[in-house]
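The data blocks that follow each hold one structure.
There are two complexes below, and they share subunit A, which is joined by subunit B in the first and by subunit C in the second.
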Partner chain A sequence: MLELDAITKVFRKRGPFGGGRSTVALDRISVRIGDGRTLGVIGESGSGKSTLARIALRMIAPDSGTVRFGGRDITRVSGKALRDFRRKVQPVFQDSAGALDPRMTIARILREPLMLRGDVPRAEWSKRITDILTAIDLSPALRDRYPRQLSGGQRQRIGIARALLMEPEILILDEPVSALDVSVQANVLNLLRDLQRDRGLSYLFIGHDLSIAEYFCDDILVLHNGVQKDFADAETLFRDPKDDYTRTLLAAMPRQL
Partner chain B sequence: MTGLLDIRRLSVAFGPTRALSDIDLALEPGTRLGLVGESGSGKSTLGLAVLGLLPPDAACTGEVRFQGEPLPWSDDRAMTRVRGRRIGFIYQDPMAAFSPVHTIGTHITRALRAAHPGVGRREALDWSVALLEEVEINKPRERLDHYPNEYSGGMLQRVMIAAALVGDPDLLIADEPTTALDVTTQASVLGMLDRIVEARGMGFILISHDLGVVAEACREVAVMYGGKLIQRVALADLKAEAHPYTRALLEARPTFGKRGQRLSTIADFLPSDWFDDA
Partner chain C sequence: MSIIRSVPVFLPLALLTVLAGAVVVGPLVWPIDPYTMDFAAILAPPGPGHWMGTDSVGRDVLARFLAGGRLSLSVGVIVMLGGLVPGAIIGVIAARAGGIVDMVLMRAMDSIAAFPPILLAMAVAIGLGGGLWTAVIGVIISTLPFFARLMRSEVLRIMSHRFVDAAESMGATPAFILLWHVSPHAASTMLVQCAAVFGYAIITLAGLGFVGLGAEVPTAEWGVMITEGMKYALTGQWWLTVFPGLGILVAVSAANLLADGLSATMGGRHA
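Let's look at the complex of A and B:
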């Protein structure tokens, strides 16, 4: 349903006297996320994985290549078509503290997507917020708290709830559990799995940890310096990695206990 | 034989918050211990307490003996002779450890001459080169003239390790030394730490949230939770003898073979009152 086709992105750094260097952040990357599936994009820093996420969200435009959603080219759409796309493809970020406005209560943060949608009557907002908090295993009593009064895991759940209130079809998960403790990470991963099953969501999962990707993703794309190194279903990738770099990554993983 | 480090009934509080409760921990020379816990477990506080680097408002009781002598926490000058010389120290963020306006050579030779006051400029330079070689940096002599911004994160972490070795310490404490690094860099830095600690026969405390990281460079694990030491166990016996909390940490990791299954959480192993007020 979401297809990225031959995406290339070059960042140019201007020197003080003109000229300057260019970095190829993504070099003709093609991926496809099927309905109800999870695609993992795995790489180290500078691999281009976050740039790919931003292009998938249409936060930035690729230099060449096409983003298609439901068969339709949305690379250059604007206005209502873009708003529709953005409602259906929602981001969840790594830094939950930075993604939530510290001056707003949780209820206020969760009202914003409902306000943006415009198709939910105001009288229903309170109930929707209670429902979504229950769905992500948080007490509705948290609605009057501020982000700083929540733990990191609770804040990450609020980030997910905010995305879900738009009733999206795809979540772009940019390192959603990287900042969390192991035990909290397990809770959030379980929640994401349940939500996928119950709501038929598709995920684009951006990460650096292959063991999480193996657990969580159906297909995995390995990126290195903007170049596609491997693309396979999770099981094949681990059993029979095609590329040397994938093998290096696998060998570098800390011991499995 | 005198032990290397002997922590007795150490408690630390920040105002009403207890950061450490009654920690007893002893290390023989050459012990390689991984100190593992989640955020707020007190693992970093324990490292700082040993180094006498707790903030002044910390209320601290108990005792830490290093090579048989109580650490002189209240005597700053005496503490300086221990810290950075007999006990080396590495922490997470290599970018914040170096001043951007001095070369790497300046940083290391200064640390060397502070630890060994009689050492001349020339000797310090040769010694610095040897230290950079030990942490496996190529072309060390050229590299000394470079500034921190010309180094990658992994290289800077190696330099920080070199700087921690200037006093030829008997104990090296590393607090999340590879957490800010990419996995491939992490693997090479851990491998190097393992070799250096082995070759020098130092005591080593590796503080980390990741049991897998600790397993790469330690022989024993001490698990902390809520300011308490939950258990200490040889790595080889970890699975067989894991405390329920340690078990929860192990099982919550998404490792191979758990595909399609729900991940275990702490609540699966421990009653809720245990982790709510611990």
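Let's look at the complex of A and C:
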């Protein structure tokens, strides 16, 4: 279980003569991702949702507040303790092409997590890679291809496979389907759901699309300019939004005729 | 390596290989010593016994051409590696450390780059007492900024990719990221720079030899040979200057064409 408690992050832009402006990216945000659950963080660009993802991954540290993982405070750990934590929380990025090293074959890309884990014998790597490709509904024959030879949906699946090879507890899904065709979006979301059920994963889903969040998330946090506007389970949020901003978002959702 | 099969890479590479092969194997099949004077054959024009003729003290020009070529290509490689290794290390340190370290290192590189390379190499050669090896050190120093700046920007460019974020999330150490992700990408860019510096080193050292600050008379070196032959350029003994001149032309053009060919061929494959 990952808990973010009263997280504040301010970005300062220094001017040429000292001083300068600061932007409050996150203002005392508290959320928790329960085991096997999906928390959606919804907001427009600039709302701070990606900053929250980066803090959950401990790619950056918050200015104040605490990050707890399994009850342990990991807000300011570094070195080996930080690397140990990171293994358990893996990212899936929006830009599936940028997330894969273009010079490496799929097999080499998928070998990287196994290498970095260091607890899987080399003799098993090939089998693990075949297994994970099967688990994400891709042909093991793709292992010799380069990322540019795959479709966006296939690349995103490879990104998910790489994360899964770390055997994480939590996936941070940063707009995982925003760059994909609508027909492919549903495939990838369904795959993520199946994986969650089979492997007991927890998800932090970052997005801007409420209709996807309604379908995909258990709990939803609505962010606007770094401020928490609403936080409830999906059903409650859609039935009874607390905040005007959430109502505006809901009103903007396309309705089925 | 499919890249070698592309024409703009293959042709100059083949040219350099032939030249290198000739200067290495040449002395075995052309057993005249480049320093033995033959006063019976002074300033002999190219002919059966001396394919490139002889110089003013009867030394065989072909033998000197081959020895000079071996020297030129060797110093080309030495300058290339001598600049690449410390330059790349400086670039990596600057990019990784950032802040004040980055600033100090890069301003130091700027100060080196502020001098015209050949003047800097001359100054170093004179300061260290002259001779081929002091000139080599001077030329190496003048190439450092090219390698360091390029390596720094490559490291920064590659480290900004999402796949590096992914690697960090998997617990990769900075050393792992440099070896596994950065170096394969940086290698192609640095290779282009190496080819260019190889050509630059040959022509600069020949130039320094020509003005008397590099290799010294009577060393068989292309620049020195041209200086020695200059006196006879107007009296018709063209073979003293034309052959070493052609050697420089071919080696430097091939190196520059190779650099262009590599960068054009690999350009589309960058991340």
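Just so it is clear, the second predicted complex is superposed on the first by the 255 of 257 C-alpha atoms of A that agree within 3 Å, B and C clash if a C-alpha of one lies under 4 Å from a C-alpha of the other, contacts with A are read in each partner's own complex, and residues count from 1 in each chain.
Heads up, the rule we're going with is that a residue touches a chain if its C-beta (ideal position, glycine included) is under 8 Å from a C-beta of that chain, and two chains touch if they have at least 3 such contacts.
No experiment lies behind these values; they were computed from the predicted model shown.
The superposition on subunit A brings subunit B alongside subunit C with room for both. Contacts of A:E167 after superposition: neither subunit B nor subunit C is touched.
Between subunit B and subunit C, more residues of subunit A are touched by B. In the superposed pair of complexes, A:E44 makes contact with subunit B only, with no contact to subunit C. In the superposed pair of complexes, A:M59 makes contact with subunit C only, with no contact to subunit B. Once the two complexes are laid over each other on the shared chain, residue contacts for A:G98 go to subunit C alone; subunit B is not touched. Within the superposed three-chain model, A:D5 lies out of touch with both subunit B and subunit C [touch as defined at top]. Using the contact criterion defined above for the overlaid structures, shared-chain residue A:T248 touches subunit B, although it does not reach subunit C. Of the two partner chains placed around the shared chain by superposition, subunit C is the only one that A:P113 touches, whereas subunit B remains out of contact.
After superposing both complexes on chain A, the closest C-alpha pair between subunit B and subunit C lies 20 Å apart. In the superposition on chain A, no subunit A position is in contact with subunit B in one complex as well as with subunit C in the other.
Of all the residues in subunit A, the ones that touch subunit B in their complex are 44-45, 152, 181-187, 189-190, 193, 208-212, 214-216, 234-235, 238, 248-249, 251-257.
In the complex of the two chains, the subunit A residues touching subunit C come out as 57, 59, 83-84, 86-87, 89-91, 93, 95, 98-103, 112-113, 116-117, 159, 162-163, 166.
Of all residues in subunit B, only 38-39, 182-188, 190, 209-213, 215-216, 238-239, 248-250, 252-256, 258-259, 262-266 touch subunit A in the complex they form. Across the complex, subunit A is touched by residues 161-163, 165-173, 176, 180-181, 184-185, 269, 271 of subunit C.
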